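For clarity, chains are labelled A, B, C, D, E, F and G in written order, and residue numbers in each chain start from 1.
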Amino acid sequence: MEILMCIVAGLLFAAAVYLMLSKSLLRIIVGTGLLSHGTHLMLLTMGGLKTGAAPVLGEHAASYTDPVPQALILTAIVISFGVTALFLVIAYRAYQELGTDNMDQLKGTEADD
Amino acid sequence: MINLPVLPILIPLIAAIVLLFVSKSVLAQRVVSVIASASTVVSALILMAKVKSDGIQTVDMGSWPAPFGITLVSDMLSILLVLTASIITLCVVLYSFRSIGNGRERFYYYPIVQFLLLGVNGSFTTGDIFNLFVFFEIMLMSSYVLIVIGSTKIQLRESIKYILVNVISSAIFVIAVGFLYSVTGSLNMAHISARISEISTEPIITVLAVLFLIVFGLKGAIFPLYFWLPGSYAAPPAPILALFGSLLTKVGIYAILRTYTLFFYHDQPFTHDLMSLLALLTIVAGVIGALAYRDVKQILIYNIIIAVGVLLFGIATMTEESIAGTLFYLIHDMIVKAALFLLGGIIIYIAGTSNLTKMGGLIRQYPALGWTFLLASFALAGIPPLSGFTGKLLIVRAGFSEGEYVGSIVVLLSSLAVLYSVVNLFMEAFWKTPETPLPDVKKQTGSLFIPAAVLVLLSVLYGVGTEAVYPYVMQAVDTLIHPEIYIDAVLKE
Amino acid sequence: MSLLHWAILAPFIMASFVPFVRKKAAAIHTGWFVLILPVVLFVSFLQYLPVTMNNGSIMQTAAWIPSLGIDFTAYVDGLSLLFVLLITGIGALVVLYSIYYLSKTKESLQHFYVYLLMFMGAMLGVVLSDNVITLYMFWELTSISSFLLIAYWFDRDRSRYGALKSMLITVFGGLMMLGGFLILSIMGDTFSIRELAAQAPELNNHPLFLLAMILILLGAFTKSAQFPFYIWLPDAMEAPTPVSAYLHSATMVKAGIYLVARFSPIFAFSGYWFWIVGAVGLFTMVWASFNAIKQTDLKGILAFSTVSQLGLIMSLLGAGSAALHFDSLDDNLYTAAVIAAVFHLINHATFKGSLFMVTGIIDHETGTRDIRRLGGLMSLMPITFTLSVIGAFSMAGLPPFNGFLSKEMFLLSMVQLAELNLFNLETWGLLFPVLAWIGSVFTFIYSMIIVFKVFGGKFQPEKLEKKPHEAPVGMLISPIVLAALVIIFGLFPNLLSYSLIQPAAAAIVPSIIPNGSQLDVHISFWHGFTTELMMTIGVVVIGMILYKFLPKWIGMYDYFPGRVTLNKLYNASLYTAERGSHSLTKSYMTGFIRSYLVYIFAFFIAILGFTIWVKDAFRFDSSNTASIGFYEVGLLIALLIATATILMAKSRLTSIISLGAVGYSVSLFFVIFRAPDLALTQLVIETVSTALFLLCFYHLPKLSRHEEKRRFQIGNAVIAAGVGLIVALIGISAHSTKLFPSINEYYIENTHTKAGGENMVNVILVDFRGFDTLFEISVLSVAALGIYGLIKLRLEKGGEQNENE
Amino acid sequence: MAFQILLNVFLAFLWMFLQVSFSARTFIIGYLLGLLVMFCMRRFFIHRFYIHRVWAVTYLFFLFLIELIKANIDVLKLVLSPKLTMRPGIFAMETELKSDWEVTLLSNLITLTPGTLVIDVSDDNKTLYIHAIDIGEVSEAIDSIKNSFEKAIMEVSRG
Amino acid sequence: MTVISDVFIAFLLLIGAFFSLVAAFGVIRFPDVYTRNHAASKSATLGVMCILLATFLYFLVEDGFFSSRLLLGIAFFFITAPVAGHLISRAAYNSGVKMWDKSVRDDLKDKK
Amino acid sequence: MIGIVLKITLVLLAIAMLGFIYRLVKGPTTPDRIVALDAMGVILVSITAVLSMILGTSNFLDVILLIGILAFIGTVAYAKFLEKGEIIEYDRDQ
Amino acid sequence: MKTNDVIFQTVAKVVFFMIIFFAVHLFFAGHYYPGGGFVGGLLTSGAIVLLMLAFDMKTVKQGFSVDFKWLISLGLLFSAGTAAGSLIFNVPFFTHAYDYFQLPLFGKTSLHTAMLFDLGVYLVVIGVTMTIIQTIGESE
């Protein structure tokens, strides 16, 4: 399963990269979303999967799943949420100010700086 | 006071919170900012004295023993960098009073600067690899906001690129931490180091080393990863640029330095040679960029990249001498870059443009500014006895003694390119007869100039007083060269 | 800090007072104040003469960075004292001269004298330092002060050009020299020149020896304007004439000579040293004297002549290195070369200094230095004329001036070289005297040009801006003093031989001087009809003839293509560097984020792929993996379908919804993999994110597909696949090499007992690793504040340039 | 009604104090006891005793549940029938219910039951626009809604 | 006891799954968004309520765990599902989605 | 027995899910997709419930309610987005 | 376009309370069961958002006259303050303390400073989410 999950994370990365290389800002942001999903899955996989009960002691199980990656992922999820939110708003403002979401038109030229 | 290492992180945090509460009054914000930044500096100084006398200071967060909780580790390296960063922030805050503008001041400029400082200081201090990521993120998040605050067109446009690149690097960072956790089963840096040294022959460690190099290289702007930097850094106003230029890339360099001396020193023929190659390419790329532009900001920005290359070369050489040189140069570069960006900001303010071809003749009205700028330029180029010299000297010497002849000569020549670019800038801005005569009215630059001048003075003192700094740096080098010291201090075995 | 150190620092200290004096005592020319210093220094340094005359030396050390072995060590021996006296002596004369040359009302004297004093101090530092690092420091300082002095009239484009050029070239040399020093210090484990010299024989066998030598010579050659680095010197003539006289003929350019002389004890054993120094020097001499003739600017001629003379001295030092290969003084004809070098060094300072000052006077009084506009000044400016005759004839090597003596010695040395059978000289040896002779002929010619084109011929007042007359007395004092020295040294050379020349020469070739004995440096005026005298006569005769028919052959210079000169090369290379890097930068700094990402990802793939391949790092171990359940596979399929939908999506809503679907699938994975907290958080976050997407994208345009080229798409796909592959490979390998128990056992054991909680993840978040969480919420807060500011604060409307206001 | 519940709760607390026992069990016992007492004294209240309304709610609930199951069977038939024979459409229905609560409840119930789905409400809350999957006889449908749900709701709210 | 409850739970589960499936069929087969909405908002809701009830019973029987959250969940679906259906249909109507061409009546278009 | 029934249920639910996914991808109109999405949320709840029985842990029961809540909010938001273009109006009376 | 949202609004009012209760429950349960400040906070803001969806921003603002940015600062203060409290006792930063108390009505309860920290998280998350949503919502 872990091997499979590694591959899935890889696929998510690939899809994310593909999206980020496109021209549309929205697709790029969606790409970053996918990227963070891939990251989190990969991180979870690295802790080992399904080796025990959920890490809540009330379960009284013999073994528990590694709680550390879960805590890390939780932190990472929240942080990437913050980033995504800011990114979205910047995209929105950029569209307001610059009138496009095409990255080619957002390249910036020497003349105007 | 066992919590001393926390203070340089805690004070900015508390300050930021207080600033949020008083966000309505610009005056109160200024006062609080200055007090907070100054007390950060003071706490860093106290901590440094403590580290000097008692060795590495650690605090186990929440009293949880070392590999399990998060441990803050103030070794000499970290506290030196923390001190430098705090001083720079203080100067930048002072500079901002007159330059950043009322709008930004009301919209949380000061608290975000404090958050940035908190992130930077935290990155320098933490002894936990994932915590490093968190501090990176707070630093980056602050920088995202700082780069875009004000929402001018260019800021919006460039911040998109900046954020995108950093999002990618953060993602890679997280998976890299995950891989490392999978292999070593720990997050505490000292613990990881101890465990890696047991399995140093595993090829996966080398792969991870390269992965971390990419992660930190994206932040530190090394050769094929720096492309985002020049455009993005050109967007925000001068004080923010000064913070970025002097702190952000250096955090990346710090992280490389830390990981490559603590974790990844086992396969040096591969990793360090690779790094050395990248370092030289970085220098070349930086030089090319610095020569290419006739724009104050761009020239200075490309100089960041050159410095990054030099530092990386120092790390790659990886002898006691070269690491010492790297540290000297790192601190120098932080101070002098901040100074130069602030001075550059004043120049742009006076001239109303950052385009060199459109300015000139400033020396007649602003002699002090001109000479200070020239002095800073020389310091940047590493002219003795100014601050850049010692570092470069040691790096080059170590390079020669390790047989890196080409690299050392490239580093030396980079000084020439640096000198050319900044002196050219100086001549264009200050000496050249302007196309349109300057207005007779002199703009008030006093309150802008003083913080910048303080930094330049600091850089001069740092250069001349190398001997005074030397024991501190060598203590830091000692820890870096002998990871056991670090491990023992953290794990208390 | 001894007196010696204070002597070095005195000019700097004085410099810091100059602006003050200039402000407070504006009525008095600042120069008078400044003049005190070189005079005092000159006199006080004279005290050291007795010490050095006995081949003694004085060393004073002050700590600077002792931890690195960098000390401020002042070392006085014959060589350095010679230079010190030159620096302070000529310095005093130049300051005196400048008082009349520079108007106290029009010029910004405070700058001028600060730079000049800075230079003086730096130069003293160079010649007095024993520590190579301090030497280097002062060395660069001379470059900088020279830069500032050349750019003294910074409004002029040519001044700035010349200043930058001189700085670039000399700093380049300086840096290379530093590299050489560092290699030396690695070889000898010290920064002290004396200590290095003591280990000279061991150093000679070191593999890095040659590299160090070449690097240090680069420093010397750039500073002393040797071929091909001389090009900065003619442009440096944009500086005020006192500066040219001082820096660019008498002192700074001699720093290279000093360096070669100082390092002779270390390097001169090597045949390379002989060849490089000798050949470069000689070639420079010929080349520069040849080029001097075509110059039309008086200072240009002098500049080239300086280059040529420096080449001469350099070649003598090279020749002198042969001396080290003979053990006893008796056999040793070659020390004569060293002695000649030192002697000519002094002579050159005197006659060239006076010539520069004369040029300054002419410039000052006529308003031009162009020899095509000058002529017939002989009767108008008789004293000036006399001075220039003395200087120029000395330079041409005519008796009874000092130049004659040293030129004779030079020719003698060159002739002797032809007979040397060291260093594979047999066949090429003859070239030395021949070239030397040719160079001397050209020297003779341009010396004549200086005198007779300016003072002879027809007076053309219509071409001059001012009506020329004799210069004021004050301005004449300095050249007169120098001219007097030219004659005195010419007639009584032995005034110098034991006081200055012998100690200096001894310092250059110390190893061959047995204890207690001394070099024989008796210089006599008349040797009989020797080869060298014949050569001199030949020079005069041929030179006269050539000068006479100068207009006939001057056109020859036109055949040299103007495009391939070194100057053009310099300009072109700078231009190419700037334009080239500009267009190069343009080519990859496109501003397209896509290109940047492509670079980054390509690097990611390449370097990691390479590492995995080279290190054979891929591991595959499925022994401790969990089993694969069917519902997991189903979920995977759902996830992949959703992902694919995003890739294909044509409308923005579809992509957002599909992204949400991916997010929900991921949270279901969290459910399956027993991470309830994650599942909860992921769900909420996903929903809020989706809401934000919808909120923001109400304002965004329809998801236009922005038709992308097929080629790009394929490229993108390849890169994307590569990244995914690498990530998956590393992931599998990392998972397959779990070598240590995780730290998680601790949390499982202690969550309840020590932290008083049961949900481990939450306890980790708020307690074990609560520190992370504290800053994680800070990140969120910053993001929120940023968003608030981003939307509410609009600076753009208040004008584009809001910076700083 | 609110008053009655409050009173009941108060009684329960009183019971707890008297018992000097503060557990949930005591509270429930006290509450039930209070309920009993209040039931006996129900004539003294101005409004109808609230337990009646509880009954109405329960009735509504079960009514609804049954309707829901019926609805699903209808849909099932439609889905599984080889040919789509339905005749969908939107019809308007006047309602007598006034308050927001009642209207909401009604529309929810309508939506959850056989083949009907409230699409819109007129601005004065008087007319419901209902989409029916198989429209059949409009008046019949309206009648059935009015008879079952509207009445049951009124029982709850007006009683 | 357990057997009976097991059977009951299994029955509920299957019913729930079946209704979910019916909803899915409906959503696929029905011709326009309004009719599809019928299927989704009724059958799916009933399905999930059955399954939740089964889960509730399951934990009650197996672990003796009284999960108030599940009951709350059932109530929540009960309340919100029709609202969601209503809002979607209205949105569809207002955004101009055409009804199936065999639709017989549209009183709503007279509203304004 | 319950175990097998649970598996069967899961499969059925998965098939239902696929059906909704089909509708989600196919459309043709946006409201169709929202309908599918809403139903998917509901199915997701079922799946989670079944999964938590399979995994034998009560820890995911919170998740169930949460999904329900979120699905509702999400659906409402989508519907409003579709209808009015903006989700949150500043002042409805304007 | 103006619509009659009476159904939605009525239900939203009910559901709002349900969600809030659930959120608070999740928050309190955090230390023992899945949940915690994050989810609690997010869900609370979810509830507020639901109100915003059903009514409009102005109405909701009148209902909660809280400046959400102030809430952020307050939350940060709570968290940082809890952590920094250990400075007073000169124990390592972030050292939590907890004990079990016998409280009326609640019975044996553990009071944990980690809860205070989590409360800070809760407040910050609400503040952040609502600030973002409100700001964007008001931007037109």
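Just so it is clear, contacts are C-beta pairs under 8 Å (C-beta built on N, C-alpha and C of every residue); 3 or more make two chains touch, one makes a residue touch a chain.
Here's who's who by UniProt: A, B, C, D, E, F, G = Cation:proton antiporter.
These numbers were taken from a predicted model, which means no experiment stands behind them.
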| item | value |
| --- | --- |
| Intersection of contact partners for subunit D (Cation:proton antiporter) and subunit E (Cation:proton antiporter) | G |
| Result of counting contacting C-beta pairs for D-G and E-F, higher pair | E-F |
| Chain at maximum distance from subunit F (Cation:proton antiporter), centres defined as averaged CA atoms | C |
| Chain separated most widely from subunit E (Cation:proton antiporter), comparing mean CA positions | C |
| Centre-most chain [mean C-alpha coordinates] | B |
| Whole-Å gap separating subunit A (Cation:proton antiporter) and subunit D (Cation:proton antiporter), where each centre is the average of the chain's CA atoms | 45 |
| CA centroid of subunit A (Cation:proton antiporter) to CA centroid of subunit G (Cation:proton antiporter), Å | 25 |
| Length of the line joining the C-alpha centres of subunit B (Cation:proton antiporter) and subunit G (Cation:proton antiporter), rounded to whole Å | 37 |
| Approximate Å spacing (C-alpha centroids) for the pair subunit A (Cation:proton antiporter), subunit E (Cation:proton antiporter) | 32 |
| Multi-chain contact residues (two or more partners), subunit A (Cation:proton antiporter) | 9, 20, 25, 28, 38, 40, 42, 45-47, 53-54, 56, 58, 68, 74-75, 78-79, 82-83, 85-86, 89-93, 97, 103, 106, 108 |
| Residues of subunit D (Cation:proton antiporter) engaged with two or more neighbouring chains | 107-108, 118, 120, 122 |
| Multi-chain contact residues (two or more partners), subunit C (Cation:proton antiporter) | 591, 593, 597, 672, 674, 676-677, 679-681, 684-685, 687-688, 691-692, 695-696, 727, 731, 734-735, 738, 742-743, 747, 758-759, 761, 765, 767-774, 776-788, 790-792, 796 |
| Pairwise chain contacts under the document criterion | A-B, A-C, A-F, A-G, B-C, B-G, C-F, C-G, D-E, D-G, E-F, E-G, F-G |
| For the subunit G (Cation:proton antiporter) and subunit F (Cation:proton antiporter) complex, residues of the former touching the latter | 1-3, 8, 15, 19, 22, 26, 29, 33-35, 39, 43, 46, 49-50, 52-59, 133, 137-138, 140 |
| Of all residues in subunit F (Cation:proton antiporter), those that touch subunit E (Cation:proton antiporter) in their complex | 1-2, 5-6, 8-9, 12-13, 15-20, 22-23, 29-32, 34-36, 38-39, 42-43, 45-46, 49-50, 52-53, 56, 58, 61-62, 64-65, 68-69, 71-72, 75-76, 78-80, 82-83 |
| Residue numbers on subunit G (Cation:proton antiporter) that touch subunit B (Cation:proton antiporter), as the complex places them | 69-70, 72-73, 76-77, 80, 84, 86-87, 90-96 |
| Subunit B (Cation:proton antiporter)-touching residues of subunit A (Cation:proton antiporter), taken from the complex the two chains share | 9, 20, 25, 28, 32, 35-36, 38-40, 42-43, 45-47, 68-69, 72, 75-76, 79-80, 82-83, 86-87, 90-91, 93-94, 97-98, 103, 106, 108, 112-113 |
| Complex contact set, residues of subunit D (Cation:proton antiporter) against subunit E (Cation:proton antiporter) | 68-69, 71-72, 75-76, 78-80, 84, 86-92, 107-113, 115, 117-120, 122, 127, 129, 131, 133, 135, 138 |
